[in-house]
């Protein structure tokens, strides 16, 4: 019955994907990403004893994920938004409505795929795979369809989140050091990207990555 | 031994004194055809003797090439004259492959004639050299194909053995190959000796000359050498024809000698007739004539192989 | 213990230089650190180290080979950097004091890559290398540099994220063993490999290949590479090309090891071949008539990565060739980038058309560049020639004559491309700059001598030893490897090869 | 440095030539094997008749040219650094020697590459000219691509033989029955080595590189290096078992085509060195004719034919080495003295540079195969081969060998034309430019090598026995290697050579006699000096002389399909024409019809691929995604592009 919570969380995750894709306001995007982080941090708790993981491990993971994915990273992004005075994603490659539709399609696709997937052993939650896949796909969609650097970072975050969902299979085998290392990497990654975005904003007076095409052959 | 010595002596004498006569014959025939009395048969000898007694005039542009050119030409021709069989079946100088030595000595002579012409720096002589070089280059294939026809049946590239083994029994319509060779060689002969229809020896317009224009600047003994040299060349190619046409015994004999001289005179007469009846070809169409000659010889050769002769 | 030393030494050094920002101090720390690190590497070679942290860290022959390469190149570039930083540079650096710390952190992360036996940990390490090197690429305060950095960051992060997914897939694939999902330690995975669910394993390998391949610079995932290499300061480019690409490659090799252990690695070889040839083709196309000589060298790295993966894909004896080529390429390419730096310093432009008459102006640099070009192009009797010949021969022996011919042809074309760009730079009377006609007759790009006087003559300065010794040392190694393989190296390669042949 | 390298090179070459010559007289030398740590191949060198002959040629040409090189480079001292030249020349010679000596495929290939690369650097010696840079790059491209073919070739052979050692490879041919795919390998070798030799469609680099290189280098490249292509071909033939008739026919055909193309193209050239370069294409063709006849002898069971063919070919290798390097050196002396490249800007040089002029004449006579010089001897031998072949058995093959006769004849005639033109326009008449007017004879250091080569041409022409004796060992070892029966030279075969000597001697004697006679006649007679008779036009100027272009115009016109030219012609107009000009630039057939289209196509492909890198990061991300999906689909089956589809569907 705990897994029911897990399913709920994962459903929310998918909905958040669509929300992030659908909104044009950067702040909303970041908030969505933050919410995703929070949900993900809860995930081990709900699945924890099903995978009979040591409780301390689970708690540590929960705290770490929550702080990093749910607070620090969104904070960094917010700061960047403030620094760069960019509010909304204007003219994306794919219009917002279209991308919502696309996102929905991708979600459907991932559900279909996961129907056909056979795992070596039953997953803790039947929604785990589809949710992970759809988050992953939506992240990619964001990456390739948006011009603003920040949105791309959000897309990268979603990608990571999706992969993080898959990590639930292996939490037991992952040494906490490694888990933290991975999370730290993501954090530093976003941090460095934020700095880069600030620099871009300073040098180019915009953070429109589609305009960065001076290096070519 | 004695016999061969005599043979070689005769060969030398013919080589030295006979050629100029041929020129005389040709000119006499031509003048007859034109209804004139014409110069004496020995006019050539007179000219050479006169020239030998003269001094020389050289252009200040010229170098030793101009002076030695005629000499080298004459030397080359003379040595090839030693190779070619005249009155007998073989010259004093014979070895396997002498056929090639003969052909290339002629080329050597040509080289120096042209070089000497170019040495004067006169555009006319340059023009003549260019034409001569082109024509003779195109004449080479015909020459060698005919020589091949001569040599292949004998399995040897030497005049002596080749002529000795000519299949006289099958000579004539039964074996037209040699007719092909004769025609081809005939055209080569006219070309090499600057005869109509390729060139007109006694034209007076430099622009139309080929051979004559190259020797405009020569005078005195040099010119004498050149005159004698060209006569010699005529004799050499003629003798090839004669040997193809008449069964001259390979070991020298009076009969053979007479046959040879008669044959030469006969061919000179033919040349004279051709010269007085035919017009000269346009320069552009000369190459076609020569290529045609090569083709004729090639057909002859192919026939030879078709007949399975070698 | 030494393993921790290998990790901690650079970290501490970088902290030190982060706190104390006096340049001389930083540089001396850099040099000292590099030398110490080299010493540690030697020590690791001499005394075999037990694994640490419950098998998280260990140094197997493969890792040791890569570690050795990294530390050699690091020594070279730190010597080079010593003068490079103190001399004025042609562009204003954005934050010079960050150079040394980042470099040392990069070294630490690269060490971690070679040491880590845990797949996820290695992933973290590789991602960390990306983050550590990003500031180095944005060393010069240039818009182009910034653009390159951004692309580098985003592309590599996304790519490597996929590799993480692949890592998890490995775990999932191994999960049907008796003891459930295995720990992601290389040795464990190799044990359970035969029982892995094939589709998941294949998917895992594909993800890893694409993910790490992005960082390794396999076409068509290489897109960030020319930008980053051309914009980074030359010593950094040298380190990226000579060390960092190898780290990503090591990541792929680990997955390959598991596939080998699982018993059917044929599909992996096919993948290697496909991406390898793709890289060869694309690199060749971009090499010919390339207008920027640092980009040229970058594309040549793509080409060589292609050669390596073709060698891996052919398997058998070609694996040895691939490993040998890894060594050759790292040494040679690092030297080439340093020499390119010398040219850049003299002429103040990375435009090939701006460099003319190098042999007159910088004879030593140019001669070395010439040798390096011949070497990387595979001309005998130099190092890369040997490795390429080995790969080619085993291709023929294993009955792929057409692959062999294709391989050799592409390598030859690539060499001609290199030559077509580099020769006009070095040749010519140094007096005038030549004019490259963009796009015109790329195959036989001929350069005519019209144009105006170059900045080069204003900047022209004596080639100091600091700039010449490091590339010289590396090139000497390359030349020697062309004529004579020292037994220790052969032994090391063979031991590494043992891991890579099922 | 220059001095050191020159002296060292020269001594090395002299010693090497000595050794090679010795082993040619004494018989086959032995081999030396040294183990090597490279994963493939050993350091195995050996010396048999064939090798020692080619070695002799290489060292002869290289040694003589080294001296000239010293003199040549002296003119450039101070202008540029001669270090590369001083280093690369010995390197090139060493590479060539190793190529000939190598008994191991890997060593052979390495030496081959060293030779090519060092010669490339020598070609680009004068790299301040864009033209030279371009030429040298074309050379690099050609030699590199051909090297690829050689690698493939030897890889195939090594795989078949299970090793790189030539002894192993030789076993392939000894099995009696022809090895599988021998003809493909033969064609591979023909293309790979033919490029270096400069056979017809593969020669494109040659007329670019030879003129661009310093002449003493072109002398070596044309005189020795191009022959190594043929050496390689022969060496590989020895691995392929007894030759098949097809190969002989191919060689004959290629030889004829290259010969005719080469000489006709040479006829059309205006630049002296370019002309000489094309002429070496012709001579390679002649050598191929000889080799083809030799192989034909095997299929006709006609050992005499084989003997003449091989001997003629090998002897022509030696002779061409002498003549061609002589011509190149003369050309470079002219260049030094006048600074002119084009024949139309020379003239009257014989008067000003008597030595160079006379030596050029010698070379020209020799290369037009005129007696009594060496070129004649070798072509004469090939002729004899052709005759012998025609007289063996009846059939298409023997007819083929007969057809060699007119081909050679045409070649001879055209080369006479070519070199009369070169000598007459360049060295005779009046100088056409002030530069030619001021020309002075070059110094002794430059004259000496030319004199040596000239003497070589004359002596080998007068005493063919020497040359044939030198070649015989090589001929027989070649025969035994190829498993082709060649007749032992007996009196029968050697008497004609004496005949040649006699002919030559007689010619010289007669000439001397005539000179004496002329002197006698002219003694005490007036010898006036005046202007050239201008046929009534009294004011001839040097510019009115017949130019090289006009001299060859009729012939070039005749062969215009073989030599495409771009002609700029402005006809004189009106009664009083202001200016009229005629200017033609000969192009290369293979370059225009073959290479240029290919290059164009390559450019198209490259431009297409270049679209990949357009700078948009989004596109790059898409690349990653697409690659991922494609590979997944490929690996996990199109039907189910997902893991696990193989198993039962559905999750619990």
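Per-chain numbering from 1; labels A, B, C and D assigned in written order.
Keep this in mind: contacts are C-beta pairs under 8 Å (C-beta built on N, C-alpha and C of every residue); 3 or more make two chains touch, one makes a residue touch a chain.
Here the structure is a predicted model, which is why all the values come from computation and not from measurement.
Annotation of chain A and chain C: jointly contacted by D, touch as defined at the top.
Distance between Cα centroids is largest for the pairing of chain D with A.
The interface with the greater number of C-beta contacts, when A-D is set against B-D, is B-D.
Per-chain CA centroids place chain A at a distance of 69 Å from chain D.
Centroid to centroid, with C-alpha atoms defining each point, chain B and chain D lie 36 Å apart.
Averaging Cα coordinates per chain places chain C and chain D 43 Å apart. Separation between the centroids of chain B and chain C, computed from CA atoms only, is 78 Å. Under the contact definition stated at the top, the residues of chain C that touch 2 or more other chains are 150-151, 154, 158, 169, 197, 200, 226, 286. Across the assembly, chain B contributes no residue in contact with two or more other chains. Residues of chain A in contact with at least two other chains: 119, 143, 209, 212, 214-215, 217. If you check each pair of chains against the touch rule, the ones that pass are A-C, A-D, B-D, C-D. Remark: chain B residues 52-63, 65, 68, 71-72, 74-76, 78-79, 82-83, 93-98, 100-101, 103-105, 107-108, 110-111, 114-115, 117-127, 129-131, 133-134, 136-141, 143-145, 147-148, 151-152, 154-157, 206, 216-217, 220-222, 225, 283, 287, 294, 298, 301-302, 305, 308, 310 touch chain D in the complex. Chain A makes touch with chain C in their complex at residues 119-121, 136, 143, 149, 152, 156, 159-160, 163, 166-167, 169-170, 172-175, 177-178, 181-182, 184-185, 188-189, 192-193, 196, 199-200, 203-204, 209, 212, 214-215, 217. Touching chain C in their complex are the following residues of chain D: 37-40, 80-81, 84, 106, 109-110, 113-114, 117, 124, 127-128, 130, 133-134, 136-138, 140-141, 144-145, 147-148, 151-152, 155-156, 158-159, 599, 602-603, 605-607, 609-610, 612-613, 617, 619-621, 623-624, 627-628, 631-632, 635-636, 642-647.
Chain D meets chain B in the complex at residues 347-348, 350-351, 361, 365, 368-371, 376, 380, 383-384, 387-388, 390-392, 394, 398-399, 402, 405-410, 412-414, 416-417, 419-421, 423-425, 428-430, 495-496, 498-500, 502-503, 506-507, 510-511, 514-515, 517-518, 521-522, 525-535, 540, 542, 544-546, 550-555, 558. Per the touch definition, chain C reaches chain A in the complex via residues 53-54, 56, 94, 118, 120-121, 123-124, 127-128, 130-131, 134-135, 138, 143-144, 146-151, 153-154, 157-158, 161, 164-165, 168-169, 171-176, 180-184, 197, 200, 226-227, 230-231, 286, 290, 295.
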